[in-house]
Amino acid sequence: MSDHVYKLIEVVGSSPISSDEAIKNAIEKASESLDHIGWFEVLETRGHVEDGKIAHFQVVVKVGFRLE
Amino acid sequence: MSDHVYKLIEVVGSSPISSDEAIKNAIEKASESLDHIGWFEVLETRGHVEDGKIAHFQVVVKVGFRLE
Amino acid sequence: MSDHVYKLIEVVGSSPISSDEAIKNAIEKASESLDHIGWFEVLETRGHVEDGKIAHFQVVVKVGFRLE
Amino acid sequence: MSDHVYKLIEVVGSSPISSDEAIKNAIEKASESLDHIGWFEVLETRGHVEDGKIAHFQVVVKVGFRLE
Amino acid sequence: MSDHVYKLIEVVGSSPISSDEAIKNAIEKASESLDHIGWFEVLETRGHVEDGKIAHFQVVVKVGFRLE
Amino acid sequence: MSDHVYKLIEVVGSSPISSDEAIKNAIEKASESLDHIGWFEVLETRGHVEDGKIAHFQVVVKVGFRLE
Amino acid sequence: MSDHVYKLIEVVGSSPISSDEAIKNAIEKASESLDHIGWFEVLETRGHVEDGKIAHFQVVVKVGFRLE
Amino acid sequence: MSDHVYKLIEVVGSSPISSDEAIKNAIEKASESLDHIGWFEVLETRGHVEDGKIAHFQVVVKVGFRLE
Amino acid sequence: MSDHVYKLIEVVGSSPISSDEAIKNAIEKASESLDHIGWFEVLETRGHVEDGKIAHFQVVVKVGFRLE
Amino acid sequence: MSDHVYKLIEVVGSSPISSDEAIKNAIEKASESLDHIGWFEVLETRGHVEDGKIAHFQVVVKVGFRLE
Amino acid sequence: MSDHVYKLIEVVGSSPISSDEAIKNAIEKASESLDHIGWFEVLETRGHVEDGKIAHFQVVVKVGFRLE
Amino acid sequence: MSDHVYKLIEVVGSSPISSDEAIKNAIEKASESLDHIGWFEVLETRGHVEDGKIAHFQVVVKVGFRLE
């Protein structure tokens, strides 16, 4: 790890299925434009409700990646 | 959304199966007596343990609904 | 519950499958050496990413058990 | 104030004009159904954006009122 | 505890005698209108001062009760 | 909202007039380079003082926008 | 700024008009007895309610000034 | 309350007897040099232990008083 | 104090009588197995309610002791 | 400072030598691609340990820079 | 320590050399006007950046001293 | 890392020289009795003052190690 420098960004993933799926969607979308994602951290788990049921989970994720 | 006013309440759902299921139980119970639930936010995830295994998850959820 | 005294410790469980599974792994490992675990509380949900996919979830769990 | 007991509830007011106006809307709506509101506390200031402009402010307010 | 759902509300009790007494007053008032209070959690301890002496303690308490 | 992914960034707007104006300046500047800003959240309200008067308000705002 | 040392104090300003006005009142009062106030930071926005309307806003402000 | 301005200071009271007594000691000491103390808020409750027993409680209290 | 190293652990004491008593029970239990406890810090005050009355207070305490 | 708008980003610097050195590495790396960095704020200080010794410090730094 | 009462104040020290040096400057300046400073606690570590280098560290320190 | 489980403990290191040195002392003491320490996280930086000078820094460190 020597003197590496990392950057942290926040993304929000959503999924109608589960909170873990919402995290995966956030990571996969972020990795389309970032090469060296190394870890994530969940900041907030929320969701929308329609007609008394969860329409989708929304998870705010902080993502860390190495700067080159 | 104009000048709508919303109210926030806190409910705790539980489930022996998963933390997402505990959220769903909280939302469905709350929607029995509230018509316009629009969103939720997870405040805390806890659980009870019996004989070294998770007996049930308990999730504290803040729920928002529109006042008429 | 009378005048019981409890101790709280923090463990980190990991799982390539789900965040709930990471909690279960933490509880089961902790219960190998502790007899009276009664409850847990999730403090932090994180994870490692490899090649743009979640390699494993890591969940920091506070665990409470009765002192004898 | 002797041995009075108060209750605290959370409401979200919104306004296209200003954050103070959003607080006022929350208080006035809450006072339609509650007689003894004594104070409020701002928990969160948010808002929606449309076409690069603030469409409305949303303020989460904790409101205290005396129980009779 | 199976799939029970609980609700959390916040009340403020006050007492000229002690902070514990303020908690008791909050719980007893809340239990006049709620049947299944199971636990409480202290959020904030405050008080009013008159002529350099504590006139009364005020304790903000979060109270949990089972929904039927 | 389906499976949309959002990004959150933090900007600081300033204004000699009011704290709401500082938020507006932050949002308008951010929308010059971002197309799909959907919401904001105030993180911190600060300001500079000169000769005993407020010279300008500075508001730290978290801004969310949809990734395409 | 070299090796300057600053002190931080907390003041609460109030105003029947607006939350920004309450901040201004706090700063102006503090500057009557302090010469080198350089910045402020809002810690809490609260207020009193009378007859269902906001009687005045109260803003807790942390104020920084240079020690000579 | 009109446009009054208040100042907040932090004091730590201690007592070998109880945590409430430590708060009282803090308030009474502060009121020796301040005329218009109106309220307090407990920030932290700590204490020293000697030979396995509590030697004294220490309570950090934020105290508010009116500026003239 | 030179270069001493301390360890911090969390214990939960309970008491049907008072919150201070619950702290004392936690400290006394902890001191049965630890020789050099020097201080404590209250993290959380909670309790159980039965039939509308406080059945016991539970206080989460962080305890510091010197490592030899 | 008039109506300037700033952006805040988070970077993680690391150093085998000291925590201050880790901050410096973060700032210098960030300034390679950003022209107007004005200030930083430490969010978190962490590190890796190998064979019972600190292998490197890692400091999470929030960095503010002016948008043009 | 018996029934001593302490006061806590916040000061900000700065130094071009290191964060520890900024703490020392804060303590030494504070001790010019206060006789019984007993401890400090770091609240925030920040700094100014000029031309991509740290111009000085600024550390916000809470300082406790005994009231006589 | 597969399904490893980690434990987190809190230790306080002290040093008359610097805050980094206090962290090192905490880690080295902890590694005398623990084999697999992998990382640390600074929770709090404090210190004692004697005669207006820092007598020693005290740093509260959370330390993570692998359970076997």
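Lettered A, B, C, D, E, F, G, H, I, J, K and L in written order, each chain numbered from 1.
The rule is simple: a contact is a pair of C-beta atoms (placed from the backbone, for glycine too) under 8 Å apart; a residue touches a chain by one contact, two chains touch by 3 or more.
Only a predicted model underlies this, so the values are computations on that prediction, with no experimental measurement involved.
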Practice task
Would you kindly state whether over half or under half of the residue numbers at the chain E/chain H interface are used by both copies, giving same or different?
Solution key: different
Handout entry: Reference interface A-B: repeating pair among E-I, F-J or C-I with over half of contacts shared
Key = E-I
Practice task
Could you tell me the distance, in whole angstrom, between the mean C-alpha positions of chain C and chain G?
Solution key: 44
Practice task
Between chain E and chain L, tell me the centre distance in angstrom, where each centre is the average of that chain's C-alpha atoms.
Solution key: 38
Exercise for the section: Report the inter-chain centroid distance for chain F and chain G in whole angstrom, where each centroid is the mean of the CA atoms. Expected result: 22
Exercise for the section: Give the residues of chain K that touch two or more other chains, as numbers and ranges in rising order. Expected result: 9, 19, 48
Completion exercise
Pairwise, the chains that touch are A-B, A-C, A-F, A-J, B-C, B-D, B-E, C-I, C-L, D-E, D-F, D-G, E-H, E-I, F-G, F-J, G-H, G-K, H-I, H-K, I-L, J-K, J-L, K-L
Completion exercise
Contacts from chain H onto chain I in the complex sit at residues 18-19, 44-49, 52-54, 57
Problem - Residue numbers on chain B that touch chain A, as the complex places them - result: 19-20, 23-24, 27-28, 31-32, 37-42, 63
Fill in the blank from the handout: Touching chain C in the complex, chain L uses residues 1-9, 62, 64, 67
Completion exercise
Counting only contacts in the complex, chain K reaches chain G at residues 9-16, 25-26, 29-30, 48, 55-56, 58, 60
